[in-house]
Each structure stands twice: as C-alpha cells, then as structure tokens.
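Common to both upcoming complexes is chain A, partnered first by chain B, then by chain C.
Take a look at the complex of A and B:
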C-alpha cells in the first residue's frame, strides 16, 4: 500500500513537472514570437477563408490553374521519386555493408554506421541551400538533398531488416564458391526485398512532402510555385488555392496508394511468393 | 506423364517471369532515370554550375582570409579579418606580416611581397617579376608588367588589375587596393581582436582562469561578436524547444481524440468516422501548408513553428494512437470489470498501463525526427538554428559559420536520437517491471 502511494506520488509529480514545462515552454516561445497566441487564434481562419473565398469566386478558372501547375506537380513527384530510388539503392549498399554477418568488411561496420547516422542527421534544407548556391536553382539540388537524407534514413531501417535475414542461404552460396555480390543478390535480397520495398514506399510518402517544402526555399516544383503565388498576395489567392488543392490531393492519393501496396507487401508475403 | 509436362510448363513460365523481373526491373529503373535526367535538364545545369562558387565555398569552410585594404583616395590602410567590421585591427595595429608606415609592406610568404607606396603599389612575384600599379582618378590603374604575354592568373584592364597567386590575391581599382592572405582554420572562433585573451595559448588561458579571470574569459567567449556563441546556443535551445512543444503538445491533443476514434471505445460510428476524417485531413494538408497558414495568423517565430508541428503530428499521432487502442488486450479490462471497477477505473488500470509504453515510444521516435523538422520549419517561420543557417547561407560568404551550424545541428540531432533511445529503453523497461 505504501509502495502504491509512493508510485502515485511519483506519477503525480512527473505529470505536474510535464505540465509546468509545457506551459512555460509555450510562454517562452510565445514571447519570442512575432504575433501573440491569443491574437493569432482569433485570426486563424482569416487566411484560409480568404483563400477559399477567392478560389470559390473564381472557381471557373481552377481547371486552367490546374493545367498551368501540372508540370510543377510532375516535377515535385519526380524529385521525390528519383531521390527515393537513388537513396534506396545507396541505402541497400550501405545497409549490407553495415550488417553484422553480411558485411563485406566486418571491421568497417562501425564506420558505415556512423556515415549513415550523419547522412540522416543533416536536414535536407541545408544541403539544398548549399547546392542551390553552387548549381543554381531547380529540381536537382532538392533531388540530391533528399536522396542524401533518404540514404541515411533507409540505410538504418534496411540494416534492421537485414539483421533478421536467414543466413543459411548465404552459407550455402558461399560453400559453392559464390562471391560477396552473388551471395547478397541471391541469398539475401530475395528474403528482404518485400520489407525494403515497403519501407521505400513509406519514404516516398515522406519525400513528397519534403520535396514540396524544399521547393518553397527555391528548389523547383510545386513548392516554388506556391511561394510565388502566396507572395503576390490578395487577388492571386485563386492560384494559391489551386496549388494548395493540388498538393493536398497529391499527398492523399500517394498516401492511399502507397499504404495499399505496403499492406499487400507485408501481409501478402506470408501467403504467397 | 501428362501431369509432369504440366509441371514443366509451369516451371518454364515461372522462370520466364523471374527473368522478366530480373531484367525488366533494372531496365525500367534505368529508363526512368534517363527520363528524369532530361526532364530536370541536367546537361544545362552542368553548364550553369559555378565552379568558382564551389571553390570559394570549400576554401571558406576550413580557412579564412585577412584583407589589407588601402583607400586610394586618401592613402589610409586598414587590416580586417574577412573584411568585417568586427574583425578589424585597431587603428595603427596590424599582424606581424604587415608593417605599416610611410610604405606598407605586406609579406604573403614564400617570397611574395606587396608594397603599398605613397603613389604606387608594387607586387614582387617570385619566378615572374615585378608588377606595379599607380591608381589615379583621372587615368585609371596604370599598371606595368614584366615583358611577355600576361599569364592567365593576372586579369588586367584599364580600371582594374587582379592578380591571383598561391600566396594570396591583389586587386587594384581606381578607388581601392586590396590584398587577401589566406589562413587555415576558423578566425577568431574563441575571442575577437578587442578581447585581451585573443592570441593566448590554452596554457596561458588556463593560468589566467585559475587566477580569477575565469568569468571574464567565459564572458568574452560567450559574447564573441563574430561567432555569437550565445545566440547560437539559444537558437539550438529554441529548436529543441519547438520540437519538444510540437511533439508533446500533439500527443496531449491526440490522446483524447484517438479514444473517440478507436472502435472498442467509441461506440458511435458517426463520431468515429468524423474524427478519423479529421486526422486524415490534418495529415493530408502538409506541414508546409500548415506552416504558411500559421505564419499568417501568429507571425514569425518559434511558437508558430511549434504549432505547425503540433497540428501536423496530431493527425499522425491520432491515427497511430487509435490503432494502438484498438489492439489492447481485453482480458485485463474484463478482469477489472469482474471486480466491479467503474469505466474510468477500467480505463486507468486496464488500458493505460497497456498503451503507455507503445505510445511513449512512438512519441519519442517523433521527438528525434521533429528536431530535424524543427530546423527546416524554423527556416521558414524564422526561429532557432534553421533561421541562423539560412541567413548564413544567404550571405553566400559565411561558409565557415554554415559549417559550424551544420556540425552543431548534426550533433544536436544525434544527441536527441541518443536521449530518446535511452528514455525509450528506460520507460518501457520500467513499465514492464512495475504496475
């Protein structure tokens, strides 16, 4: 009973500290903010309703806007697609090199893991901005930046998948004299490919969002168009509205399609293949 | 026999299909990459890419330059690190490789000497010869060179002469003469020139620290006007604060909503359906759009960033939490029910102990990834290290500061990764042993 009371006391104190930290944190953040919290809360719906109102007024022009911004949408999807693809290919290599039992050079496991940690830790925006300085604006800096981060993020997940792979096929292959590449391609990849693919699809969803954000800082695609549209301000809200809508629909469709395939991959693999 | 041949055909078909995959998939990937190569217009990009920018970026990341500047209109000479006001040597002082006077003699090392005379600037380049330039307001830069064709590291016109050697760089225009000398390392990282501790070794500093100057030394470092350690530390804190408020705020908002969206707790279908669509909507409206809307309402700053993350993650957490709630084991709840526990008690003792470890570990995962997102969102909403980073990148010359910030961001994210992993292990273990 005494123990229970002590436990309850601990829980209570933890909860109290948590609440205090949250409240003072929000106050601190609000002090440093341009506008106040309560003032902002009142205006929260001003901008969305202005955009929606103006877009609804000019609803007839929306299809034309969709047509105008369609190439930008394709660019955003391509940025995400290529960077996921390249990132996943690099991640496959790095993850195989940093999994115990599979690594080509077991002594280098630590090194490759740290490489992935660093690749994961650098925010995409940093690489994108630096590359914009060197390469000029456009989709390529965003693509490289996202691929870089994707390599680190997927590499970690892939190597967790690899750790669960059965090593018997690998042993069998090495007993008949297969080299490292052959052992990996024939012994490991067939086992882990469905899980890899599932993670890569999840990453693709994330990368669509990332490519929209990077576009906003000048790296092409829908985000770039959005930045231009909202900086024109009132009178051009129909364009901003059209882009908001396109982005929303893209994200929802990609999420749905990808989660459908991921379900199939993770649940279907038990029965078939 | 007929049976066996059917197997043969099936095996052949399977092999054919495998072969198609094995060759078809790489071919498809390659075709896509080729398409994107041209869609992104990579050939034009390679042409446009600035090797000069890349070079200055990389050199600036690990080295700094000292400017020795002469105002050609009045003959005044000043020395400044990176040409910045905060890095300027006090009037009449200079580093030892520059001797000020009637004639200013600048030794660039390896025998390279530039002399700022009263009228004429001369640069003695070993292995090439003497270059002189006499800048005049009326007739431009009157430069003389050794006999022969000009080498390509000298760029001369009527009004401007630029000489770039491995020792440094000299630029003469009608109004200004400037010499750059490059040094490895970050300049004035610890103390600026006006601090009495500038140029002291580690041992000397420690000696002074122990004789009672530790406070002054720390304050000079902390308030370094060039590197702004104080502001950087604050920015890092602000970024972590944004991530913390966003993540845990979202968890607090999402928890009650997720109960309403879980099949086994919310019996009314309409409510469940409505809440789920709200979660889907929030997740579908990307964090970028939320950030824009919130910036309009709340202005720029860390609170806006925190709220943007809070809203976006509420959608994600809501979905994840309600799934976790639907997976709770009913036995514990039934057991409590058999002892006559009320619904609130059943929830407190039957459900919460089961879901806490799952939810906390999900939230902690997000804390780590949100630290990185906070850097990105901060760049848009103007808060934390993201703001400092973008500002430093936009100046296009403070690459040493960019490097410094990147190192700090990487360390910050790794630290959060460690902390969240450690907390996750501790909390989950603690919960398994207790209750």
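Take a look at the complex of A and C:
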C-alpha cells in the first residue's frame, strides 16, 4: 500500500514537471517570437483563404497554368529520377561492401558503414545550399545533393536486404573461381533485386518531394516557380494553386503506381522461393 | 605423381578439424572419404578447393603447392578443381543453362558474364553436358523449380563445364532419395571412367563407397584412420572409423535399395 502511494506520488510529480516545462517553454517561445502568437492565430486562416479565394476566382485560367508549369514539373521529376538512379547505383556498391559475409574487404566494413551514416545524416538542403554557392543555381546541384543523401539512405536499407541473402549460391560461385564482382552480380543480385527495386521506388517518391522543396533554395523545377508565385501581394495565387495541384497530383500518381509495383515485387515473387 | 597431401591441418580455435592429413594419389581415381559427421571430411574438401584456408601443411598437385596460391592464381586453381555440394549451391532464381554456364566464369571477362553474355559455343556445350546427364529438357527452367536430384545433376553439369582436372563432391547424395542418389553416383562414376577425371567424394554410407570407389579413405576426429581398397573395408574397419560398437549394422545406415533385401523384416 505504501509502495503504491509512493509510485502515485512519483507519477504526479513527473506530470507536474512536464506541465511546467511545457508552459514555461511555450511562454519563452511566444516572448521571443517577432509578432504575437495569440494575435497571429486569429489571422491564421486569412492567408490560405485569400490564396484559395483568388485561385477559385481565376479557376478558368488553371488549365493554361498547368500547361505553363508542366516543363517545370518535368524538371522536378527529372531531378528526382536521375538522383535516385545514381544514388541507388552507389548504394548497391556501398551496401555490398558493408555487408558481413559478402564484403570484398571485411576489415573495411566499419569504414563503409560510417561513410553511409554520414551521407545519410546530412540533409539534402544543406548540401544543395553549399553546392548552389559553388556551382550556381540550377538542377545539377539539386541532383547531386539528393543523390548524396539517397546513397546513404538506400545503402543502409540495401545492406539489410543483403544480410538475408542466401550464401550457398555465393559459395557455389566461389568454388568455380568466380571473382568478387561476378559472385555479387550473379549470386547475390538475382536474390535481392526485387527488394532493392522496391526500396528504390519508395525513395523515388521521397525524392520528388525533396526536389520540389530544393526549388525554394534556387535549384529550379516546380519548387522555384512555387516560391515566386506564393509571395504575398503579387496577385499570382492562381499560379500557386495550379502548382500545388500539379505537385499534389504527381505525388499521388507516383505513390499509387509505385506501391502497386512494390506490392507485386515483394509479394508476387515470395512464392518462388 | 599427381596429388600429394602432406600434413594438411585445419585448426578452429582449440579443435583440429583436420589433423595432419597425409596421402598421395598417383593417377586419376575415384576416391571416397567416409567418416561420421564432424570428422573433417567437408573441411578437407573445402581446403582443397580453397574455399577454406588451411592452417598448415602442403597440398601438391602436379608439383605445385595449391595451398599457397593467391588472387587470380587461386581462382584459376578453383576453376581446375570443381566442387559439388550437398545443398547443390546453384543460383535458385536463374535458369538451368545459366547455372551451368557459371562453370566458365573464371575463363570469361567479368563485364561479359555480368550481362550473361556467353559465347554461342559455350551455350551449345552446356546443353550437350545437360543432355549427357539426361536433363536437357529442363534447360530453360529456373533452377529452383527442379527436384533435388535434377538440381544435383545441374551442379555436376556446372562442374563439367569447368573442364576440371579434379571433381570434389561434398556429400553429393546426402539430401537425395535412394533413386536420385543412384542416378547422381552413376553420373559421377561415368565421368570418372569416360573422361578420366579424378573424383573425390565425401560419402556418408559405406555401401556407396564400396560400390562406386576404387579407394576409400576413412577419417575419424580429423585424422585419417583408414586408407585402402573397398575390399579391405571390413565391418571391423568400419566400426573403427565410426567409433561404433558391435551393434553397428551397415544395412541400417544404407540408402541403397538393394541393401534392404538383406535386412530381416
């Protein structure tokens, strides 16, 4: 009984501390804020309603805007596609080099794993900002930035897939005198390719969003157009609406198509083994 | 002298998996290695193929110590010394012909083989070998779709595709039913007789060793404790190899269909 009461006391104190931290933290943040949080909250819906209102007013122009911004959409998808492809190829190499039992140089596994950790840890936008300073704006810095991050992210997932690969075929290929590249390409890849492809498709979806966001920092594509259109007071909210819709529809379509194929890849072939 | 094994030893921690194995083979023969599980048979074959490194010893083939080979020279030796496994070790998702063509990987360029580009003559040869083993009609199927006995014959075809000097077989029939076991052992014997290749097979049944081999080597706890002709392999010698007492009966472990006739019902 005494024990129970003590435990209840501890829970109460924890809750109290939690509430105090929340309140004081919130007040501190509200004080530091440029405007007033509570004052701003009342106007929260002014901006979206103006965007939606203006876009609805000029709804007739939407199809024309779709046409105008279509090339920018293609650029965004292009950046995502190329960076996913390059990232996946590098990820394949790094993942094979960092999987126990498959690695070409077993002592280097730790090194290659840390390389992937670092590549994964740096956000795309940081790399893109630096590269835009160095190379100037455009799709190439965005592509490099996304490919860099993709390599780290996919490399980790791929090496987890590799760990489940059956080593018997690899042993069989070793016994005929096949070199490392041949063992990997012919012994491991046929086993893991469906899962790799599934992860790469998922990453492609993520990269479309990433490439749209990178447009905001000057990397071109749909994000750049959106940044120009969405600023207040230019009367371009119809364009912003069109871009939003375009991006939204693209992501939905890619999402649906890729999840269809991913399902096929992971479940369709499961019966074979 | 063709093959000489001198004091080949493999140590895992404190254990000697293979302890000073020594024997010589003067001319191509069909040799069976018997012994209970853990006696070091598999480790010995894996060392010969260089899948596993030996701890010490010398293993000479035509005067060259193959335990010292490294890199490309080691892979060239592996291509001369084919290996057949208990679990077949084929690539399950690839078709049978591709699996057989893998036997030529060491002789072809990496880039060409990566894209499955093999010379037309190699493909014809692969199908001829499959035909010789009686499974040519399975050629376009995926390896995983075949029965165990068929998969083992594909593995033998891959070994033949290497055009090897020696074929090592590590428990080739241990996961097969008696019918398929006989087909596979007959194939190995025929390869030895028709092509004059040396065959060294780890076997887990005495009657298979007696029936198919010219020479039998018995291993116990990593040591070679018997080396002689099948005739010299008496029940007493077998009991020594397996460390069994008088209740040991050969028929009880046999996988041969004929042996069943000798067992009282």
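The rule is short, and it goes like this: the second predicted complex is superposed on the first by the 223 of 273 C-alpha atoms of A that agree within 3 Å, B and C clash if a C-alpha of one lies under 4 Å from a C-alpha of the other, contacts with A are read in each partner's own complex, and residues count from 1 in each chain.
Here is the rule we use: contacts are C-beta pairs under 8 Å (C-beta built on N, C-alpha and C of every residue); 3 or more make two chains touch, one makes a residue touch a chain.
Remember, it's a predicted structure, so these values are computed and weren't measured experimentally.
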Open item on the list: Is A:247 touching anything from chain B or chain C once the two structures are fitted on A? First, second, both or neither.
Closed with: first
Open item on the list: Per the contact definition in the header, classify A:64: touching chain B only (first), chain C only (second), both, or neither.
Closed with: neither
Task: Touching partner for A:47 - first (chain B), second (chain C), both, neither - done: first
Task: First (chain B), second (chain C), both or neither touched by A:175 - done: second
- [ ] Considering only the touch criterion stated at the top, classify A:108 as touching first (chain B), second (chain C), both, or neither.
- [x] neither
- [ ] In the overlay, work out which of chain B or chain C sits against more residues of chain A.
- [x] B
- [ ] For A:20, select first, second, both or neither according to whether it touches chain B, chain C, the two together, or no partner.
- [x] neither
Task: Touching partner for A:191 - first (chain B), second (chain C), both, neither - done: second
- [ ] Kindly list the residues of chain A that each of chain B and chain C touches, one partner per complex.
- [x] none
Open item on the list: Applying the document's contact rule, which stretches of chain A touch chain B when the two form their complex?
Closed with: 7, 18, 22, 25-26, 28-30, 32-37, 40-41, 43-44, 46-48, 74-75, 78, 81-82, 85, 117-118, 120-126, 129-130, 133-136, 138-140, 143, 209, 212-213, 216-217, 223, 226, 230, 244, 247-248, 251-252, 255
Task: In the complex with chain A, residue positions of chain C that touch it - done: 49, 51, 74-79, 82-83, 85, 87-94, 102-103, 105-106, 110, 113-114, 142, 144, 155, 158, 162
- [ ] Could you please specify the touching residues of chain B with respect to chain A in the complex?
- [x] 29, 32-33, 36, 39-42, 45, 48-50, 53-54, 57, 238, 241-242, 244-245, 248-249, 252, 280, 283-289, 292-294, 296-304, 306, 372-373, 375-376, 379-380, 382-383, 386, 389-390, 393-394, 396, 402, 406, 409-410, 413-414, 417, 434
Open item on the list: Using the touch definition from the top, list the residues of chain A that touch chain C in their complex.
Closed with: 166, 168-169, 171-179, 181-182, 185-187, 190-191, 272-273
